[in-house]
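Read from first to last, the chains carry the letters A, B, C, D and E; within each, the first residue is number 1.
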Amino acid sequence: MSHHTILRVVAKFLIPPIILYALYVQWHGDYGPGGGFQAGVIFAVAFILYALVFGLDALVRVFPTAVIRILFSLGVLIYAGTGFVAMFFGKNFLDYSYLGHDPVHAQEWGILLVEFGVGLTVATVMIAIFIAFASRIPSISDEEW
Amino acid sequence: MTDPNIILIALLMPALTALIVSRLDALPDMRDGVSILGALATFGAVLLTLQAFLEGTPLSITLFEVMPGLTLNFTLEPLGMVFATVASGLWIITAIYSVGYMRGAGEKNQTRFYICFALAITGALGIAFAGNLFTLFIFYEMLTVVTYPLVAHKQTPEARAGARTYISILLGTSIAFFLTAIIWTWSLTGTLEFTPGGILSGHISPVFTGVLLALFAFGVGKAALMPFHRWLPAAMVAPTPVSALLHAVAVVKAGVFTLLKIGIYIFGIGLLSRTGASEWLMWLAAASILISSIIALNQDNLKARLAYSTISQLAYVTLGLALANQMGVIGGALQIMTHALGKVTLFMAAGAIYVATHKTHVSELDGLGRQMPFTFAAFTIAALSIIGLPPLGGAWTKWYLMLSSAEAGHQVLIVVLMISSLLNVAYLLPISARGFFYPPSRQRGYDMSTEKLPPVKMAEAPWFCVVPLCITALGCIVLFFTIGDLYEFLLRIPLLPLEGVTP
Amino acid sequence: MPDTMINMDLVTGHYNYWLVVVLMMTGLFITVSRGNLIKKIVGLNLFQTSVFMLYISMGKIKGGTAPILTDDPATVYSNPLPHVLILTAIVVGIATTALALALIIRIRESYGTIEADEILEIEHQIDDPDPSPTNPANALMARIRGNR
Amino acid sequence: MISPDTAAIVIDALLFTFLVITALAIVQLRHLFAVVMLAGVFSLLSAGLFVSLDAVDVAFTEAAVGAGISTVLMLGTMALTAREEKKSPHPIFLPLLVCLVTGAALIYGTLDMPPFGSPDAPVQTHVAPDYIARTPVETGVPNIVTAVLASYRGYDTLGETTVIFTAVIAVLMLLGWDTKNRSLARNARRREEDREKGDEA
Amino acid sequence: MSNLPALQIILPLMAAPICAMVGRPKFAWGLATLVAWASFAISILLFLSVRDGTVISYDMGGWAPPLGIEYRVDVLNAFVLMIVSGMTSFVMPYALKSVASELHESQHAYFYTAFLLCMTGLMGVAITGDAFNVFVFLEISSLSTYALVAMGAARDKRALTAAFNYLIMGTIGATFFVIGLGMMYMVTGTLNMADLAQKIAANGDSRTLRMGFSFVLVGIGLKLAMFPLHLWLPNAYSYAPSAVTTFLASTATKVAIYVMARFMFSIFGFDYDFQANTMQFIMLPLALVAMFAASTVAIFQEDLKRMLAYSSVAQVGYMLLGMSFLTQLGLTATVVHMFNHALIKGGLFMAAGCFIYAVNSSRIDDLKGLGRIMPWTSAAFVLGGLGLIGVPMTAGFISKWYLMQAAFELDWWPIALLIVASSLLAVIYVWRMVEVLYLRDLPEKNDVRAVPLTMLVPMWGLLLLSVYFGVSADITVSAASRAANALIGASNIFWQSGG
């Protein structure tokens, strides 16, 4: 697909807003619809678009698989860790009240943190699954569609 | 006081023997020696328990509790002592005999054979000493499992098929009926202890007594009660020492012994005679006696003929129990002994003939008596004992059973017993007759290619084979003269309460 | 006519659920009746999405709004709990789909087809078409299957 | 005049009609590309339905997942496998029966359900009011769904994240992600094409 | 101490991403093993603290139920947790060499990650007191299971289709479960199990509730391979890697049985007539049919693992039978058999794995005469087989004993007879293997690999334990009996003493 210049240009213009939108959805989840999961999917879409236009190899150069693997594991660990640390404060698992001085703020912080974990995991997982699918040898060639 | 651990020693001795034997695969002489020594040691241990028992020490040992009230317990009682003594005593004889036979017949996998053989004795002793039905069942199953490789020993397709029949009937009946009956008993009474006078009395209606008895009678497949007798002829594919010890002594006797114990200590003779629940069993036993004798008449294979004879003789014990009086029980217990000695002799003789001449069929035996005089003489003595002629042990069995039948008011059974004796004559004595009186020229199926030894006058099997069977033949005679002591001993079997039934 | 009134109530109160049931069963039907593995997964997705509708339907209050707090204290909010459950269920659904598709790719690479019937045929051939005569079970199985 | 209630019913009915049509079309079609596309349409329609049922978060997610990621993965799988469904030789009697019985059971179950949208259904009167009342006080997060998702039932969401993680582990275990694979294949194909061109010349 | 219930789940859950992150096979294995042992220790502590009938309730995030999600641990849970973590502790050492021989090395780290996830999922299902949370963790375990089963493809490509079919059936089952749950939620407005139980008891029967019950039943029935819904199981068990089969056979169905018991007895309760009728008129006959049909099919299998798989379907029949008696004794039998069967089947599948390791095949024809050159594995198989038959002094006997007691207690002695008759079928298929192992001659050309100790020791460990619990059944039976009591008194004891 290297000859589709228009696609490349459009993609270059499209990807930054998509990522921006993803970040908005991620941090705005408390106030409106959205949250870590939706944001993660949108974020992943940006990278998938990148791979579709510039090729899988380009994506993997930007975003090596080893890094992806660490990130999606890290996302789960952030979530579980947020809950786990509470135990050291004598709280139950996932009790966020240790995160702030008053319980309401602690809850807000806790929710932000775990949503970040979710977003991180979802985004990297989607990219990883896409790479896994895309790196197989296709049986239908481009012309046959 | 004797330490009750002596029971455990007696039990473990054969197991230990098996263990040592299993390490001696490379040293056949050592292995066979250990096997015989083990048998001697076991017998010694059993004798010690017997002595303790005769002194009146109540020996009982509980190993552990599987579930509350369900223990692994061994307790001595007269019937069990009879069985234990017979089984362990005859093991010595057959251990010696096995050495001669297995070598003479050139069998493979001899180590496995000796291991399983010794383990089977553990099983038999466990059954003999069992203090409750649960323990008995465990060793009963163990006996089945460890004798399976013995039956399948030759690994030929026929051996495998026979062994398959063997295991499927024995395991099948025991799990389907015996176990059901045990659990039923447990849920009725909450105990499985062998208790003088029985435990079921007052817990069960007369109709269900019959049903439960049926479950037990058919569940104990080793008693070879018709129609679950097929395993016994099938097991004849085993090497002869196996047939001799296990299918004349340990296994089948374990079966009828179990039945006796269940009748006496679980149901209680009183309950059986009161409710008449065992009456059908009596007729079934009578039918078994006659039918299998008739089948035996038509068997040309020597071991098959002996097997059917065994089925018939086992039914005597069942009959003794089903008559539900003291004479019957004593007759049955005596039959365990006399038949064991007689049948083991017959089987060993058959094996000796096979080792010496590779002949397996009755019709091939013409004239062999002169070639193997000791073997045939022993055979004849044992046959006469089985038939029940004095001065041989078997005579007493028939005597007590007839007394018992008369006491129970079933004179018809006396006739059955007499017909059975006649049938015994008809299928056993012709074998001796052929051996001694038929001319050897009529040797049929004499295959020159497989025959190694051309018969020159005396051509007995190895002495390892012949001596044991002579000893047991003598035993048949001795048994006749020691009946007084035996009778006294068997009177100790607690049959209480026996209402309206006097010895 | 009270009877029809009641029936009308039943219909207006439940038509939503019934339509959802129709959609669910269409999805289930595709899954169990189609031999093409991809189509099976599409059916499964349909089935699950319809179940989501069932949940979301039961959380709805007439005249309610989305459960995002407003300043108006008189606002009626629909039940947020089903929404939360279904968010989780959607994620589970996509996870299942991704796994299933990965499996389909592997199946296609090993079998050369993604049609259940053709796969079954190939598997029967692997299952040793030459039963050894020593095993009685083989002979019986062969007879049951109807070959040789 | 059309009351908001009637309007909602009309919108619902329209969406449902389209949903049913889409579903039936998926049953019928054998061209997988069309099937996958229609599945995406189905997701979008259901997202619309979710919006009309006040579930905006769910609608957002369904659109992103059902119409987006799911479609991309399905198309990717198609490219790797096949694009036409073969005609199945099997009778559809048994599946049909299973579905009819299940459907009948479900309809039977709906009969005692509280009417759609009723404010006094158990669902609306137990637990749910607590969430609505306590969220502003205890968490200070305006989006109640987020509050329940990440805090009250945060443990479920941890489970959900783990499910996603499980999926990626499973996919990587099954497929691996060795990108060299594809480059090699493409090179091989290119070489083959070059050779064919060379033959023609 | 107070965080023990959370640690039980969180430990493996957090270990999984660490395994994936590091990505080294040896490390992944080591961590997984350590975590499995730690979980086992935790589950034992938990069991000890609830043995006397107390119920631990643990609020996730500090939110009290029914708003938040709670863990609720009583004797039954703790017992199931112990089975799962204990079996994992045995399987992990076994897996080291077994997995190395059956899987490509690039997959090992992911394999152990998935294994930990599967364990997390199963334990999460067992420990939770929230009905929807059951679904989430069920899916964690299911998804990882599908992938683990598919890993058998390195040995036999049929593992892929087996996994796919399992996925379809499992997902349909899970969706049914969600539908049923939705209906229950609709009439009660809650998802907390204790709350559900109270609301159901208070609101009484309705058509929605009935269908909710039925869909939950069918949904879990699919997961636990209840008789006509078992079609996924034989292939999945046959083609999965040995370690996976062992693990699944001894834990997954048990947890599903637990969930079913929990829903039936703790949530719907004994007084729910619709349930009682379903049990006696549908479940009981199905369980009996399962015992016979599956055992009969097992006899005719040509593959050892497949034979054992069908035997598992039959054994699930025993457990369901115990449940459908609706008595304390019946439930005791079910719980005891859950435990005993885990040990026995685990040991047997390990033996099958050893055969696969040695001769790279589990076809019964390829195992001829192995008794002589693989004495330990073969003897272990025989021991396990005896347990399966229910020979006394093995754990299987205890199960059968209680099951029959339960039948006699109700005076259903025809059923007692059927129970023993079905174990006769087990005699046949076990004996067929004994014959092949010991009474056939080894083929001339054989290529037998020595089985490493790391595989033999766990296998023997399990089977010796099965003998131990057959000889001294006091521990298991008393635990099971308490668990049954907890279920029987569900609506009063279980729910009210917690908190």
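The definition used in the following text is that a contact is a pair of C-beta atoms (placed from the backbone, for glycine too) under 8 Å apart; a residue touches a chain by one contact, two chains touch by 3 or more.
What you see is a predicted model; the values in this text were computed from it and never measured.
Visitor: By that same contact rule, can you tell me which chains touch chain A and chain D alike?
Guide: C, E
Visitor: Fewest touch steps from chain C to chain D?
Guide: The least step count works out to 1.
Visitor: Could you pull out the chain whose C-alpha mean position is farthest off from that of chain D?
Guide: B
Visitor: Please list the single chain whose C-alpha centre lies closest to the global protein C-alpha centre.
Guide: That would be E.
Visitor: Based on mean C-alpha positions, I'd like to know which chain lies farthest from chain E.
Guide: B
Visitor: Name whichever of C-E and A-E has more C-beta pairs touching across its two chains.
Guide: Output for the comparison: C-E.
Visitor: Could you put a whole-Å number on the gap between the CA centroids of chain A and chain B?
Guide: Each chain reduced to its C-alpha mean, chain A and chain B end up 79 Å apart.
Visitor: Roughly how far is chain B from chain C, centre to centre by C-alpha average, rounded to an integer in Å?
Guide: From the centre of chain B to the centre of chain C is 65 Å.
Visitor: Counting in whole Å, what is the centre-to-centre distance of chain A and chain C, each centre being its mean C-alpha position?
Guide: 27
Visitor: List the centre-to-centre spacing of chain D and chain E in whole Å, with centres computed as mean CA coordinates.
Guide: About 31 Å, centre to centre.
Visitor: Return the residues of chain A touching two or more other chains; collapse runs of consecutive numbers into ranges.
Guide: If we look for residues of chain A contacting two or more partner chains, we find 31-33, 37, 69, 72-73, 76, 80, 83, 93-94, 96, 129, 132-133, 136, 139.
Visitor: Touching at least two other chains at once: which residues of chain C meet that condition?
Guide: 24, 28, 32, 58, 66, 68, 81-82, 85, 87-88, 91-92, 95-96, 98-99, 101-106, 108
Visitor: Two or more other chains in contact with one residue: find those residues in chain E.
Guide: Chain E, residues with two or more chain partners: 13, 16-17, 20, 60-61, 132, 136, 139, 143, 146-147, 150, 179, 185-186, 191.
Visitor: Following the definition at the start, I'd like every touching pair of chains, please.
Guide: A-C, A-D, A-E, B-E, C-D, C-E, D-E
Visitor: Please name which positions on chain D make contact with chain C in the complex.
Guide: Against chain C, chain D makes touches at 4-5, 12, 16, 19-20, 23-24, 26-27, 30, 32, 35-36, 39, 42-43, 46, 49-50, 53-58, 61-62, 65-66, 69-70, 73-74, 76-78, 80-82, 85-86, 88-90, 92, 95-96, 98-100, 102-103, 106-107, 110-111, 113-119, 121, 123-124, 127-128, 131-132, 135-136, 142-145, 148-149, 153, 156-157, 159-160, 163-164, 166-168, 170-171, 174-175.
Visitor: Which residues, counting only chain E, touch chain A once they are in their complex?
Guide: 3, 6-7, 10, 13-14, 16-18, 20-21, 23, 58-62
Visitor: Could you pull out which chain E residues touch chain C in their complex?
Guide: Chain E residues touching chain C: 132, 135-136, 139, 143, 146-147, 150, 153, 156-158, 160-161, 163-164, 167-168, 171-172, 174-175, 178-179, 182, 185-186, 191, 299-302, 363-365, 432.
Visitor: Over in the complex, which chain B residues touch chain E? Could you list them?
Guide: It comes out as residues 64-68, 72, 134, 137-138, 141, 145, 149, 152, 155, 159-160, 163-164, 167-168, 171-172, 175-177, 179-180, 183-184, 186-187.
Visitor: What residues on chain D touch chain A, complex-wise?
Guide: Per the touch definition, chain D meets chain A at residues 33, 56-57, 59-61, 64-65, 68-69, 72-73, 76-83, 137-143, 145-147, 149-151, 154-155, 157-158, 160-162, 164-165, 167-168, 171-172, 174-179, 181-183, 185, 189.
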